[in-house]
Amino acid sequence: METGIRLALTLSQIGAVMVAVLLTVAALTLLERKVLSWMQDRMGPMEVGPYGILQPVADGLKLFFKEDIIPAGANKFMFSMAPILALVPALIGFAVIPFGPDWTVDVLGVNFKPFVITDINIGVLYILAFASIGAYGIILGGWSSNSKYSLLGGLRSAAQLISYELNVGLSIVGVLLLSSSLSLVTITNAQAGGFWNWYFFAWGSFPQAIACIVFIISAVAETNRTPFDLPEAESELVAGFFTEYSGMRFAFFFLAEYGNMILVSCMATVLFFGGWHAPLDILQGPEALHGITGIFWFSLKVASMLFLFFWIRATLPRLRYDQLMRFGWKVLLPIALGNIVLTAIVEYVVHG
Amino acid sequence: MTLPLADLVTILPELLIVGMACLILVLDPITPSGKKDFLAWMSLGILGVCALITMTDFGETVVAFGGLVVVDSYAAFWKMLLYLVSGLTILLSMSYLKEEKIELAEYYAFVLLALAGMMVMVSGTDLLTIYLGIELMSITLYIMAGLKRSEARSIEASAKYFVLGAFSSGILLYGISLLFGVTGSTRLSEISAVVNGPASEDPLMLLALMLIIVGFGFKVAAVPFHMWTPDVYEGAPTSVTAFMAVASKAASFAAFLRVLLEAFGGVKPNWNVLILALCVVTIALGNLVAIVQTNVKRMLAYSSIAHAGYALIGIVVAGWVGIDPDVSSRGISSLMLYLAIYSFMTLGAFAMVAILRKGGLEGENIEDFTGLAKRHKGGAFLMLVFMISLAGIPPTAGFIGKFYILMAAVNAELAWLAIFALIFAAISAFYYLRIVMVMYMRDPSPEQEKNTRLTLSPQVSVVLACAIAGVVLLGVFPGPLVSLTDLSVLSISPVR
Amino acid sequence: MDVPVSYYVVLSGIVFSIGLVGVLIRRNIIIILLSVELMLNATNINFVAFSSYLGNLSGQVFVFFALTVAAAEVAVGLAIIIALYRHSASINIDDFRLLKW
Amino acid sequence: METFVFFYFASIIVVTAALVIGLKNPIYSALALLVMFFHVAGLFVTLHAEFLAIIQILVYAGAILVLYLFVVMLLNLKREEHFHSQWIVGLFLGCVLFAEAVLLVVKGETTLGDNLATPTASIELTQGNTESIGELLYTTYLFPFEVASLILLVAMVGAVILTKKGIMEVKG
Amino acid sequence: MTEMVVPSGGMPWLTLILILPLLGSVVLLLAHESMSRQIALTVSLLTFIVSLPLWFLFDNGQAGMQFVEKHLWIDSPAIHYALGVDGISMPLVLLTTFLTPLCILVSWTAIQSRLKEFFISLLVMETATIGVFGALDFVLFYIFWETMLIPMYLLIGVWGGPNRVYAAIKFFLYTLTGSILLLVAIMVLFFEGGRTFDILTLTQASYDPGLQSLLFWAFFAAFAVKVPMFPFHTWLPDAHVQAPTAGSVILASVLLKLGTYGFLRFSLPMLPDASVTFTPIIMTLSVIAIIYGAYMALAQSDIKKLIAYSSVSHMGFVTLGIFAWNAQGIEGAVLQMVNHGITTGALFMCVGIIYERTHSREIGDNGGLAKAMPKYATFLVIFALSSVGLPGMNSFVGEFLVLVGVFAWDKLTATLAALGIILAAVYILYLIQRIVYGPASPKMLPKLTDLNAREFGMLVPLVVLVFWIGLYPKPLLDVMHASVERVVATHSASIVVQQDGDSSDNVLVMSEVLPPTVNVFEAEVAP
């Protein structure tokens, strides 16, 4: 009985998060175009619905009804597995993100945390681990298409993912040193009380601003976004690993990319910007309302992050492949390592 | 949390060596390409400093890092040997690398890192440290074997070494895991307590023991786990081969012996027969197969297998039941002596192979030695001495090594084993003498006559001088080394 | 814990044996390395199971190190394979003819 | 329940392990291994080794296996038609070893587990597993930790030296 | 019973003898190639001169070791640098130092390539042999014993005849394999005989009879190959034929003595019981060697091979004498060792001289020397007759003593051995007839020039020795007498023990027919 209730509660929670994420993705597809066009001083999609608001629906329908083509000579099993392998890790990471305060509610005798699906004590590692699994989808998609563009795209992507994953991991270490925990809930709670407590600023210890910048740059690369979108560079590789994909399978990759984008935004929010905490305690409102204000602030921060992604895309040109690698290994990696060393020293001096 | 300063002082030599390795890696890009020798000289200097530090370790036992490592005379002995071998390898490599066009400063860093791994092996008293030491050494050696990247043979050697090395590590690790299950610890002393007591008949423990022996069997290249040796020795750059054949073997033996005695000292009957079997097969096969080899490096590889067999006699004696503890420790000290002597002669032989390369010859086929005595008297003479020593004929050190190890065997009432070993030593003389034969008794072809140039760099001369001095002096005055091995013998846990 | 530890040992034994067989019967170096990974994983299962049953964390620490080593080994191994492939365009161990196997 | 979970993981592990060595296409083998890694990680979770479970996925699945796939694809390997000629020996050896392992354990003569601490100490395991391991790594196991770092250093430098084009030409 | 030893007094003579050739080889190494001959000769002569005091300062009344030097060399297990000679080994040391200069002289022009290495090998060889004869520590003994192999291997293999490589390896492997068991035996002795390698102490220890048998055969393997005794002799003809003249000389004159010396020094005194037990076997093998060697010699057309087989035959006498185990037999044997060294060495030199001229060792190619080379022919005939054992020449004394000793042991054996002497006469005289008196082959004739001064000079001392020992052997016998007595004494003791044990089927009782102290030679032969 208890198990049943827990199961039901968790499932509904997962459902809610899924829906939220998918809706956000849908919104993002539109927003991205809107933001880009705004930055480029044009209108963007305007035809479907008022201000083109229904564009995502139209896109979705189009993809859904499009013919599902499997290229001749492709490895059918792998070809159909790849999009799923890409999407699942992107969505699975949300399980440990705390969207709101660390409340425990008693529902029918079962302890239940409404704002986080599960608070495991190695949440950060969990996300990193599953983010790294995302590479399989891409690499297999590229390989199974039996096309050299796809294969090259897949390989580039794999190399890029592995390289930048390292920087993501290392940039987080500073935060872990400050919070001495791997649980995202604990990390969030440690940043309560005001924006100066956010690890981006980390009052009283070593600010993680540098780490945050490294993290964001690496996150952009991890999600294959411009200026690191070489795996899918249209002009070079004809859309890279998903050249041969169409219809729903294409949509899955698409979803995965945007899902990842949201996920890394959430992570940046939680790790560096205090999660659901407001910049000042006053803005957080009374204790009882923390649930609502928490979600609000969280969403706001994530949205800002996402905006940053679009901004970057609109601003920066694409890197060359070797530049990308060199940048990752020779610039970001040393910075991240240096950050760890400095953080450790400062933390040792300050807190013994 | 404070840094365990005392512990760090204990492992000062390791720290220095690792520090030097890192320094080389850092300095490499900013050193002009003609000045790379400077890095090698620095490494040598560090080795010298470490030797001085280690020298003070004799006679005392310091346990560091909560029993993960120990610095005792036993470890100190091996470390001194390893410094020497590494130093000679570096010297040998300085001109050899230029000749082979693989002059990479990283090479010296690799030598030092492998050395660090070996040092961890010899002083590790926890299976974890020993395992990590083995891996540090092995991984470095995999890379070094493939350093002559332009040559397919070298890469192939590297690949084979890697595959079998990883395989053997897996086996070793599995054995360790089972042992952990039985004893609840990876600390040798704690394992020993359980193995001696409640678990002495545990079949799982026996399986673990077997797997560990197999794992180490690969590392010391005992038959039937030797199949990688000839290929790897042949394919790897000669200086690396020398390093592998000598240093890695010595370190593996040191760790092997320590594990067997300190962890399984209480259940000797369970492993001594196994080792005995390995020893017998190794001696026989190593020597027999060496006869048919036409490539010197391959022949030396089989010879090194055979020598591993002789060295195993020391372990057999150390593990033989029903003999005095004194006799057992003779087994250990004779093994140490044997490997020390083996180091000199094998290093010398490989150094000769390496410099033959310089005359524009490949220098690896036995034919390439044809008429060397006419072309280069000194070289031929050195090779002659090394070969005699490898065959175990007095008055060279090779004889002393055999003498002590066989004395130990006879002392343990294993006279038949001594006879067996000697019969194969006589057989081995056949193939060692073949080299002498082609050097002295065949005339060089006109083409070879032209290539009399064996440009000896000063560094190689030093290597050869050290090797020959070791072979001759230890043959004539083995006293100090014998006392040293007696002094640094591993204290054996009581026999049950 | 109602699963006896011996179950884990048997499981790891099976996996280890499969890995061993794989090393011996396959000719593709990549698969051989994968088989070695199987062996290492068998080891890890053992360590974790024992660690949990003995209430002794050092087993888990050992696994941590084994993982590190495995990663390093793979990096080197794959580098070697790539270098090898450049020479012979094959990673079938039977194709290495320069050295007798 | 736990037994059921164990048997689920165990059976999948065994099947995928067999697939790894049985499949002819290296990519399939690698994917079978991927599945196995996940199940091994699952097994770790049931044994209260969450940290290792996640590390298993992070390192093995996320890094090691990706590298394998990467190389397989880079080299564009073809499927292998025949097994090594010594397959009978191998199979035999494997079976013997396996039988041995099973016999040893099932016969129950082993003193496994009764030698040392009773599972009371497992409290330490269930809570704060990660912290305890971290603590151990930086105190008791500091020395091996440093050695492990050296191994990684060597592997890194070595991999570069072995594969980077032009490294010999520049320096030689 | 404590061992009486006489220390070397002021001068470490033995060390000097040992070290001089070694120093000489170092000098050679550094010197210019063209000077090698002179340096080598000087060094070897110097060594010979330094070795003479052994003879003059030797105390004949002492049975024990003289000129003893003993220094600790390795502490654990204690191995000493211990040297000393007694009446048995002293003549052999002198023989070695005497023959080495002659070997250098004989190679003066014969060896043209790689002179340095050649003479170094020769000198190292000399050190090793002297070391073997002088060592009082078993390990030291073994080290010298084995060290010898390398220079000999090189001598045969580098400067030998067409089939030299095969011969060299055969020689090497035979002797090395033989020595294996010796080494193990030494180790076993160490543990059984009171944890020492001191030969004198080990000699006095008593060993379990079962162990003795094992040790005996272990020793036998090493010594019998060296002698060589009958079934192990096959390396000898090859080695002799292929070796350069100096090599042959050293091989025949010195190396073969090591085996018999081993029997005498180790097998008999250390393992008396086993030696008694296995005497019949050794005797049988010796007789077979005598007859077989002689028979094979008859059939040879190669002069060197013929002499090689004659060596087998002659060495049979030595082992026969040793195992007869009475004063006559052993004294005869030791004397015969020296004689064989002189005579056979001289014969090999003669062959070398003729080979230098005709480049053939075939009997058929070398006929009619008496006319072409009268001086040479004279020498050759003298040595040949000495080899036959003509009274008044050295071999006669030795063989006679041996036969007397053997006769005391078993009449039949002695008779069969005497048959060997007759056969020796046959093959030697047949040889002389063919090469000295036959017609000279015309194509060789121009090459046949008589001896030059160097060759003449090196043969003369040998002739002197041949006649000196043949006519007045007393000084030599006096030297060895006391030491031989000691060996015989162990035998008598052993016999007593064995008879106490079981006297049923002991054939050795006969040895008491002659009291061991009677010096037959003085009684009957001395002029």
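Observations on the structure shown:
In this document, chain identifiers A, B, C, D and E correspond to the written order of the chains, with residue numbering beginning at 1 in each.
Heads up, the rule we're going with is that a contact is a pair of C-beta atoms (placed from the backbone, for glycine too) under 8 Å apart; a residue touches a chain by one contact, two chains touch by 3 or more.
If you're wondering where the values come from, they're calculated on a predicted model, not measured in any experiment.
Steps from chain A to chain E, taking the shortest chain of touch contacts, total 3. The chains that touch both chain A and chain C are D. The chains in contact with chain B and with chain D alike are C. With centres computed from CA atoms alone, B is the chain lying nearest the middle of all the protein shown. When the C-beta contacts at B-E and at C-D are tallied, the pair with the greater total is C-D. Computed centre separation for the pair chain A/chain B is 52 angstrom, with centres defined by C-alpha atoms.
Chain C has its Cα centroid 26 Å from the Cα centroid of chain B.
The centroid of the Cα atoms in chain D and the matching centroid in chain E are 71 Å apart. Chain centres here are Cα averages; for chain A and chain D they lie 28 Å apart. Multi-chain contact residues of chain C, defined as those touching 2 or more other chains: 5, 9, 16, 19-20, 23, 33, 44, 49-51, 54, 56, 58, 61, 65, 69, 72-73, 76, 80-81, 83, 93.
Across the assembly, chain E contributes no residue that touches 2 or more other chains. Residues of chain B in contact with two or more other chains: 128, 132, 135, 139, 142-143, 146, 149, 155, 158, 181, 184-185, 204.
Contacts between chains, counted with the stated touch criterion, involve the pairs A-D, B-C, B-D, B-E, C-D. Interface residues of chain D facing chain B in the complex, by the touch rule stated above, are 100-101, 104-105, 107, 109-117, 138-144, 147-148, 150-151, 153-155, 157-158, 161-162, 167-168, 171-172. The touching residues of chain C, when paired with chain D in their complex, are 1-3, 5-11, 13-28, 30-31, 33-35, 37-38, 41, 44-45, 48-58, 60-61, 63-65, 67-76, 78-83, 85, 91-94. By the touch criterion stated above, chain B contacts chain E in their complex at residues 373-374, 377, 384, 388, 393-395, 399, 403, 406-407, 410-411, 415, 418-419, 422-423, 425-426, 429-430, 433, 436-437, 440-441, 477-479, 482-483, 486. Looking at the complex, you find that chain B touches chain D at residues 1, 4, 7, 11, 18, 22, 25, 33, 64-66, 68-69, 101-104, 106, 109-110, 113, 116-117, 120, 126, 128-129, 132-133, 135-136, 139-140, 142-143, 146-147, 149-150, 155, 158, 181-185, 194, 198-199, 201-205, 207.
The part of chain B that touches chain C in the complex is made up of residues 128, 131-132, 135, 139, 142-143, 146, 149, 152-153, 155-160, 162-163, 166-167, 169-171, 173-174, 176-178, 180-181, 184-186, 204, 227, 230-231, 234-235.
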